[in-house]
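Some structures to go through are shown next.
In the two complexes below, chain A is the common chain; its partner is chain B in one and chain C in the other.
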Partner chain A sequence: MQESVKTILENFSLNIDLVTLMPEIIICGMALLTMILEPFLKGDSRKVVMHLTWLSIVAALISIYSIWTSQPNLQSLQFADAYRIDSYSLLFKAVFLIGSLLTVFISSNFLKFKNVPDGEFYSLILFATFGMMNMASAGDLIVLFIGLEIMSLCLYVLAGILRRSVYANEASLKYFLMGAFASGFLMFGIAFIYGATGTTSIVDVIQSSEILSNTYLIIGAAMVMIGLGFKVGAVPFHMWIPDVYTGSITNVTAFMSAGPKAAAFAAFFQVFIVALRPLQSEIEVVLWILSALTMTLGNILAITQNDVKRMLAYSSISHAGYVLIALVAFTPAATTAGLYYLLCYTVMNIGAFTVLIMVEARENSDTNFSSFAGMGRRYPFLGILLTIFMISLAGFPPTAGFMGKFLVFKSAIDTGSTSLIVLVVLAVVNSLVSVYYYLRVVVVMFMVEPELEYRPINFATGIIAALVISMGGTLLLGIYPQIFAFFLNTALI
Partner chain B sequence: MEYVIFFASAFVAIICALLVISQKNPVASVIYLIMAFVAQAILYIQLSALFVAILQIVVYAGAIMVLFLFVIMLLNLRRDDFGPEKHPLQSWLTRIFGIVLVAELMIMISRGVGQSESMDRAGAEFGNVEQVATTLFTKYVFPFELTSILLIVAIIGAVVLGKRRAEEEEG
Partner chain C sequence: MLEGSTAIAFYIISFVMILSAIAVVTLKNIFHAALFLVLTLFAVAALYILLSAEFLAAVQVLIYVGAISILMIFAVMLTAQLTNYNIKQTNEQSLPALLISVCFIGITIFAIATNNKLGGFPIKENTEIAGSNTANLGQLLMRDFILPFEVVSVLLLAALIGAIVIAKRDN
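Now for the complex of A and B:
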């Protein structure tokens, strides 16, 4: 026995390539470093943590770019096939990092305004990003699960980081209880898939031509779908979204609606399009229903909201429905389109949240529609920016939202299946409905007089940086999608 | 000798399990549960499942039960804290489910334990420490290391939500 262990270890190779792991190493290392640094910093020097955080995110983005350019057709399986780094997962990681970067920029002043301890905040953001990166690169369902748990634990805490607020406590507890339940479903589903195929590896499941038990595989797939459906907020697993998004501090809401949602979709794409390909016909039907329900219900509920934050929460549900179309289409082009859509959504949604934060960060202000009254006249430039974000969320050209929707819908129609065309028609109708509530903000902003004297808005450096990046992204992704053509050469599978 | 150990530990396990549900004091219940777990661990050792036995003691008897004890002691429940008397239907359902469970167990035992034809016998080395360790440190080394990050996040999260800050309490 002693010998055999020795031979196993000698013949075993982890096959690690540190260069391609650089983004993860930077993010995880900085998350640990900020926790170590934070107690030694007092007063103004605490800003160092914030600066280190965004610098590390930029460094990770640069390292992704350099991996991308130096190894164009990267396909590497590391840690005994547990970790898969390819161009598709690299792009997903870039999306998460952009979401986190924007969150850090909008957080610095807002945290001070809300009197929240900031050291742990940045550390948790970085850990959550690390978890998401693991989800996008998972080559094994266990890695995917642990990545998802790392991300989720950070989000439960971030949701409740405003500890004095009853709403934040409610959001945190609700998210934790329901999220833990959903994780249980996911874990149980993975166990069933393991029982049916004898492996937890995402790469292996697709290759296993002899599935031991189709019934167990379907049960497992259904449970995984429930678990991940909860994380992306698909109807009927969306119940937590409005309360959690409204109760959390606004910059956390912005963060939650972008990166983690994209990460859950990354997991969705990998499990259902790569690992469970043999079940395609069964999965398509269920996802079709999920997608149709998600975009319709999210839209209908968003119309009735009086709070912009809550409205954006419901609208994020309907956007999840649009991305699900890409999953129903099940083609390589659709996976690319879904990723492009998620990038667009990250940029424009955090942009909208940035303006929301600027409105909220005044004395005695809230996030109701009435808080926006008169803003368009007092700050015409900011008004125009918010208008562009809203137009983009509604999906009008020439903005990112339009391009994202166009690519997703096109990839669905290209499959030529009637059911998908019906779904796309439904999505277009839904987009038209969404114009109502998105433009309502614009109407209030430009055409309604404020009830009281207009309170000035504070322009902080970080906020301006976030506005510039998200506006630049929204316009570039919409007007010059050619420069993102490299996206189209990258597909899962 | 083998039989003596088996019957002794099985006897202790059953008696302790009965005492767990018959005790009025929850703390005493938990302590009997720990004893039941330890007695079970001895049975595992006799089945030459060493690793499971050690896990049983370390994880169940050690970590989880101590957590139970802490929660019970912190909550400091009294008899009248348990709420009103149970619905009669509830106690009947308990009895029915208990009988069903015992019947199921009897059927399983009468059909023969561990001799199902569809399943192969586990090898002598199955589930020993070496095997677990080899899988853990070769095939699953990445998820294994990743759990450490998960634990750190859990600790940070608990501290963030649980600690008090002087400047914050004023607000």
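Now for the complex of A and C:
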């Protein structure tokens, strides 16, 4: 018996390279460490948890950078092909980490303002980030599913972390029930794909060529699309987004709209562009409809909102529609453009949420448009920052939002297909419509007089750091995309 | 493929499973519904044995019957007077839901019947697997699927922390 175990071990190698796994190890290790440390810390020393969290995220970013520079064309399959580390997954991880870093910066003071216990908060953020990293690197549909579940479970709890608020309870419960239902679809779909191809490995699925146009595979693909469509918030699976985004505490909303959305898109790219490439023509049609519906409906509903947080929730739906264009285009250049768009969206959207949090973290304040009245006059600099974020979300030069949209639209037009050009035209019209509701905040901020004197805003260190990073990112990604040229040369597979 | 005693066992188990599953979603007394759920899950375990997946059957009984259903029954019994309530299990959406489910079953049956790889009905027997299922499964879990196997523990830990965050007392 012992001998047979020995031969098994000798004939079998997991091919693990710890250096390339460093980002995951740092994040997961720190998530565990924060849980161990937290009970020992009292009073002011509790800040240690927050500092360790952002330091670990920065460390993970640095390790991604060093992997990137030392092994430029990395293509490594580890854990018996269940985990894939390449430039594509590394860049996605960098996007998630930037989202999490900004979230940690904006959370510290806001959690205190809202009386939320902070120890578990950071560990849940780190666990969620770990789940997202698993999704981006998954070489196997099972790993993808488990990563998605780790992320989702943390989000269900984070959405309801404001336990005394009825709206947060509603958000958490709604998200949990709908999310569990969507996960069921995803799992069922993966089972169907396994039934059609006899494998759950993402690379093996494309290679099993005998299954072309098999009903089984199409059902599997459809169910996976429902499951992932829910996670990215594509219409008609978007019903949960407005209530969950509005009910959750604002820093969690900022987190949800950035990293997890990018992670769901990473999964989308993995499944539909890599694994299910044989079904391209069928998938394109469905994605075209999803994309057109998502951006249009998200935009139309955003116009009618009176709450900035809810408006940003609908706007996040329409942005998901723009990224879906990259999926319809189905080319390596389009995937890269989609990834670039997600990075741009992460910095500009969290930037907008940062200002929203500053406005909300005052006495007797809320997230309605009226809370912004007079802010531009009292704090002109902050007003200009918010204006730039809003212009970027609407997609005007010289900001990140413009460059992201430009690259996605260009990659779609380059394919030369008429249906894609129609979709791009629709997207441009939608962007123009979106100007109305994004600039409405700016108008209220600079031109409407507040009823009383404008209550002061608290400038905390973390918030300022988040503002600097997100503003720097928004301008840099928009004005000087060349430094991210390596980004643009990254193709999927 | 289904012959003799296997066929008889299959039809009996399926009959019990479908009837008790219908009972779960139609009975007005939530306690009775929970008990029928136990029966449904037992029948699923019996189907697994029929498919010679004995490990799956054992896990099904241990986890679904032993843990989850018992927990549900406890929750029902500990919730004051819930056992006595008559709960309506349907709403105005039940008819569309029924239609969609029937469509889905139809598509699934069509897919299985026309699946080349599975050979349509009757499903081909897999002769490749040698040795006991449980041993093979163990080797797979510890080799090809070692990563998901380990990462699931992170999932459980995150779930545990989440449950504590939601349920703990305010201090």
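We adopt the following convention: the second predicted complex is superposed on the first by the 482 of 493 C-alpha atoms of A that agree within 3 Å, B and C clash if a C-alpha of one lies under 4 Å from a C-alpha of the other, contacts with A are read in each partner's own complex, and residues count from 1 in each chain.
The working rule: a contact is a pair of C-beta atoms (placed from the backbone, for glycine too) under 8 Å apart; a residue touches a chain by one contact, two chains touch by 3 or more.
As the structure is a prediction and not an experimental result, all values here were calculated from the model.
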Looking at the overlay on chain A, is there a clash between chain B and chain C, or do the two fit? clash
Name the contact category of A:Thr304: first (chain B only), second (chain C only), both, or neither. neither
Going by the contact rule set out at the top, does A:Ser45 touch chain B (first), chain C (second), both, or neither? neither
I'd like to check the shared interface: which positions of chain A are touched by both chain B and chain C across the two complexes? 8, 12, 14, 28, 32, 35, 78-80, 82-83, 117, 120, 123-124, 127, 130-131, 134, 140, 142-143, 146-147, 149-150, 153-154, 156-157, 160-161, 163, 172
Mind pulling up the chain A residues that touch chain C in the complex? 8, 12, 14, 28, 32, 35, 78-80, 82-83, 117, 120, 123-124, 127-128, 130-131, 134, 140, 142-143, 146-147, 149-150, 153-154, 156-157, 160-161, 163, 172, 192, 195-198, 210-211, 214-216, 219
Partner chain A, residues of chain C touching it in the complex: 107-108, 110-112, 114-118, 139, 143-148, 151-152, 154-155, 157-159, 161-162, 164-166, 170
Residues of chain B touching chain A in the complex: 125, 130, 133-134, 137-143, 146-147, 149-150, 152-154, 156-157, 159-161, 165, 167-168, 171
With touch defined as at the start, can you tell me which chain A residues reach chain B in the complex? 1, 5, 8-9, 12, 14, 28, 32, 35, 78-80, 82-83, 115, 117, 120, 123-124, 127, 130-131, 134, 140, 142-143, 146-147, 149-150, 153-154, 156-157, 160-161, 163-164, 172
